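Here chain A shows up in two complexes: once beside chain B, once beside chain C.
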Partner chain A sequence: MSSITEYRSGGMGWRWAGRIFLVFLLGFTIMPMAWMLITSLKTGFAAMQYPPQWWPTEPTLDNYWRLLDPSGSVGQDFLRYFWNSMWVSVVTTVLAVAVAVPAAYAFSRFRFPGRTFLFFAVLLRNMFPAVVFLVPLFILMRVLGLVNTHGSLILTYLTFGLPLAIWLLKGFYDNIPIQLEQAARIDGATRFQAFFLIVMPLSTPGIIATSIYSFIGAWNEYIYAYTFLTRHDQMTLPVGIQRFFSENATDWPGLMAATFLMSIPVVVLFLVLQRYFVRALTEGAVKH
Partner chain B sequence: MAQVVLKDVVKNYGPVYAVNRVSLTVEDGEFVALVGPSGCGKTTTLNLVAGLISMSGGAVTIGDRDVTNLDPKDRDIAMVFQNYALYPQKSVYKNLAFPLQMRKLPKEEIDKKVRDAAKTLDITHLLERKPRELSGGQQQRVALGRALVREPRVFLMDEPLSNLDAKLRVQMRSEIKRFHQDLGATIIYVTHDQLEAVTMSDKMAVMNGGFLQQYDSPANVFANPINMFVASFVGSPAMSLVPLTAVSKGTQVVLTSPEGWEMPLSDANGRKALSATSNKVVLGGRHSTIKVHKVQVPGAVPGKVYTVEPTGDVTFAQVFVSGATVNVSVPPGFALRPDEPVFLEFDQDRMHLFDGETEMALRL
Partner chain C sequence: MTDFDRHAGVGRPVARQVFRFTVAVGLAASLMSGTVFAQSVDLSQWSPEYVKSIAGSTTYDTAKDCGAVVPNDYAGRVSYWYTGPFEADPEISHRQDAAFWEAFKVAYPNIQTDVQSITYNELLDKFRTALLGNAAPMVVRLQILGGVEFAAKGYLNPLKPEDVGYSSADFWPGALKSVTYEGVGYGIPTNNETMALIWNAKIFADAGLDPESPPATWDDLVIYSKTIHDKLGIAGYGLVAKQNAGNTPFRFMPQLWAYGGGALDEAAPTPGYKEVWINNEGSKAALQAAVDMYVRDKSVPVSALTNTQAENQGPFIAGELAMVIAHPSEYARMNDLASKATGADKEKADAVVANMRYGLMPTGPDGKRAVVFGGSNIHMVKSDFVEGGQVDEQAVKALICMWTSPEWSVKLNWASSNPGHLGGFRTEWMKERLEQTRFLDITTSMLPNGIPFPVIPEAPEIMNIIIPDMLQNALTETMTVDQAVEDAAMKVQAIIDGSGGI
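Up next is the complex of A and B:
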């Protein structure tokens, strides 16, 4: 095994070069996050000091307590934004998956007139930058009376999320041999049962990947949330945390603590579900 | 077990006919092989019997039931797929139990049937494994087990042996044959390998271009191929076909080649040759009915050796005769060299004559 690796990477010199490059890349990715975490542990004064403190002399969790304290005004707002973001993202994800699973299956398995056209039409939406749709969608939401509701965001996020979810899942269904369904149908399952009992469980990694994708998309989205929502109690986190900029001076430690808390759900999602990404999909199902 | 009847079965995709007016009857307990080159419609025919694709026309009856419009699950059939199609997320036990669970059998009965089937196929020790942990041969057995656990009326098999290596294929071939004999099962078996069809089946249905060409016992198909396609498809090496011209010379009929040689025909063969729609007649002969001479003998035709393939107890050779390739066999001691001129004597009683226009066998 190791000899193969050595052979492929072309000797020791290249191997070390590769490793150094990886370490550099890792530092490049981790540095901002580390700085975010360190800053969030500083007092407002320590955060502004020059030269900067690489590690705060008096690390404090005050910034976190402030954000998570439901009795304080900052905490109240933050927790409200957090809840709003969670609600919008979860509903978007559930709807995206609920619609994308049957749609992707249909695109993968059925031959119907206009199939290719429809499939590319689905993707067309993602070929334009988000701002192009900002004004039209805002007008649409106003007509529908959805401005300042979470419904406007959920609908908008679905217009991005769904096409990608369908595209992604179709790839998964394409890889599941049709014979598995045929076998199930001969074994006594209806078409629906064959899908639910055999095909769906096999596409679990795909469904999870798709869910994470649409969750993160909704969780991080800024521009539509900024445009569609003006009421404070409706705001989602990316818009809401702007308030740390708004006072006389920027509250860097507070902002960093909020950012850190905001990234926790995404990190947890990845850690919990990562094994589904690596699991071999239909290994052993068929002989190729 | 049950009889299966296909009546004028048609499947077309727009102007393309995958299966064209195929009618055949599989008797109760019979092993029928659907055989033909790829794209001939054999798998489509099987899928139509299974109900996996909808028919464009015709009818299928299993036992006394018209199943033409029934779902696969209501046809009481079992199928073994080329890629086995084992459920990868389920253990072998659960794979075998699935068809029974779908039919809502009580748990104890399922357990008993699964263990019985596992015992029959000698896979009891594999019951807790996942399909990916099995070898190809073991997966094949599990696939067979899943088919037989339910005691269906008909077994459908779609090239079940093509993914196995040569040695295992021969072994599984006899096991499936044995399985057919022990169960008295009605089996429809799709294969592109004519040898599999010949060795395993009671009857073989040779298909080409969506049409059923011939449906008969392997011995009859071998001895009396109905047309040039069947003649060249069944048998190994294939029957050799030489296009010639039939000419009457007084009371005798001879076949002539563009090179000018003549081959006199027996009375019976002469009458066959004259019944062709034109004077174009194709001579067919299997290697075992052609004698190879190094010198001219009466009735033999000249040819030139192209390749020589010794196999041990018999040596095969290809000989060019009037632009066509003729497969012959000689005993191992009979020395043949490439490019050597030889003379081939066709057995008048066992030669085949085909109509050069319609490609159909000429019969009296």
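Up next is the complex of A and C:
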């Protein structure tokens, strides 16, 4: 009996230690975001106080109004950057999924010469740092007349988003029993119908997870957007918010408000799709 | 009476210092200008009083003047990249920028403009990439030494003031030097500025120092910094030593030059940029002073190793840092922040502004005063590298003529700099600036002490990488002062020999 009590009390100790550790981790994750939000509610002067104002003495939403007011120059630019980012990210995601779904299915189900080589070859692009391709891709885009267009970004994002999407989705297809498709074929379905009606619905969590990865990758990407776009009317948010940095000063509250607004679509995406995302992450944990 | 005069009660020691300094300036100006003397202003008389006396003495009709260079009815197209005002810049900068484009449209209604304002930190990289892809703009305005790299690589067209209707004598000789590569001019100065020492008078008073007198020498600055730290427990001097950051050499080189040092021989009357001075006694003394403050006295921010001036602004405003080296725009920025502060913050912000003082940069042991000659230049890109493959030279000249005119070289640099065209000092707008902007005459009067960084393509690497690395090596005690300067000298020598570089 006593040993059970000791065991339990020992377990309680670990449990509490675990909880404290989780709280610490939570604080570690939340603090930067909380500080971002708090700073966005300050005036420029208050943001530069030292020691810092943990909560602004004179909180203001002016920084948000400035960004969201379409009649002001800051608002016009910010909303344009926001729209540009959304457009590029959504198109990239749709195209990535549209290409990755059949490609991953082919790698999963078909046996053809060079399959293994090709499967690893698609990852080749992701084995080099992005900066290596910067100037060659810029010159290529220039030749194609795509500099200062969103097409340059979408094409580029696809080159490193697609391999990841194909790899992720192949894992899902591998875990869907082939017998389900065979049963459908016996019942008279074509291969496409078996894929579309049986495999696709079962791989929805995987497709959603892939979409989220693609979207976030495109939404946050900086270096290519920074290089390929110089026109303000084409800029995406990560590049556009550089305007809060000047030669001699930084508009921290404006920058934090812009960053907070920039994080909203990703947060909303996660909140709406999180159950699929979690399923997707755990799907491969059990071998069928 | 200018705003500065109104504050004369608090600025008498500074005024005396300025007076003494004026005498030295005459000599310095004559040395700097060599055989070329400006026609627009008399550099030999340069002093705060002279600057004030000539302001408002001449009027200009910019559209008409530039119309004589490029007819106002000329039809064409020009593309232009520059660093315009962004969110953190004072409101006045935004207004003047908008006013310029409005005025250009009126002066040249048939010239189409394709203008991109790119942030200071992004412009050079973007321009480099665009040149590689033949997608550069026809005209670009770069920081003072930015153009040398591109001139050396053959990207820029020769361009001198005479090409747009001005005389070379209308610009600071040092500024023209910064756009001259192998004897050929590749640009026209748009604005020039020098920094000054800014201090918080209240902190000085609290530490028992004369609140109205800045440290006269760099050695004094080390003592002031220690006194402030020891008495008040706050940082005395805002040392900046971040690696790969332009802010570092802009603040450390004046100290190095004042002690008689240099990276190369840029501080010599006729620099050849072949001799390495980074390991001479002056350079060692300057580095030792920095080490004394950081390591021995601990009187500068611990974060100096990763600080730029932007990181110093917060503590300075909060009264946790007594002295910084900063641009003339610092006061305008503080005023701007104070005007937007509300409630209790407003009171504090107004107090910060009231306690701000500007002074001349400290001198070295021999009385030598130096400061980085800063600013920007405007350049014309060769047709081979621009989008469309053709530069519209007339449209380019029209834009450059307007941008570098006396009128617009004042207005476009209202809060942050000084007119590149010396005629700008004669305009009514300069008079207005002097009346509006407190301490402007002090920073302006430092111009003759300005020393340009070495005008060689390798200068950014030397200044932004080797100098900060040397500081870091000494401040972190990875190397002794002697070792750090020798290490830097070896790297600088390798670069100018063509056998080094990153």
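Please note the rule applied: the second predicted complex is superposed on the first by the 265 of 288 C-alpha atoms of A that agree within 3 Å, B and C clash if a C-alpha of one lies under 4 Å from a C-alpha of the other, contacts with A are read in each partner's own complex, and residues count from 1 in each chain.
One rule holds for everything that comes next: a residue touches a chain if its C-beta (ideal position, glycine included) is under 8 Å from a C-beta of that chain, and two chains touch if they have at least 3 such contacts.
Not measured: the values here are computed from a predicted model.
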Applying the document's definition of touching, compare chain B and chain C: which contacts more of chain A? C
Now for A:H232: first (chain B), second (chain C), both, or neither, which partner does it touch? second
With the two structures laid over each other on chain A, which partner does A:Q49 touch: chain B (first), chain C (second), both, or neither? second
Touched partner set for A:T57, first chain B, second chain C, both or neither: second
Of the two partner chains, chain B (first) and chain C (second), which one does A:I139 touch, if any: first, second, both, or neither? second
Looking at the overlay, does A:D251 come into contact with chain B only (first), chain C only (second), both, or neither? second
First (chain B), second (chain C), both or neither touched by A:R243: second
So chain A touches chain B in one structure and chain C in the other; where do those two contact lists coincide? none
Note: in the complex, chain A contacts chain C through residues 43-46, 48-51, 57-58, 60, 73-74, 134-135, 138-139, 141-142, 147, 226-227, 230-232, 242-251, 254-255
What part of chain C is in contact with chain A in the complex they form? 81, 83, 85-89, 94, 116-122, 125-126, 129-130, 132-135, 309-310, 313-315, 317-318, 320, 326-327, 329-330, 333, 336-338, 340-345, 348-349, 416
So in the complex, the part of chain B that touches chain A is made up of which residues? 47, 50, 52, 71-73, 75, 77-79, 81-89, 98-99, 102-103, 130-134, 136, 139, 146, 150, 156, 163
Chain A contacts chain B in the complex at 177, 179-180, 182-191, 193, 198, 201-202, 280, 282-288
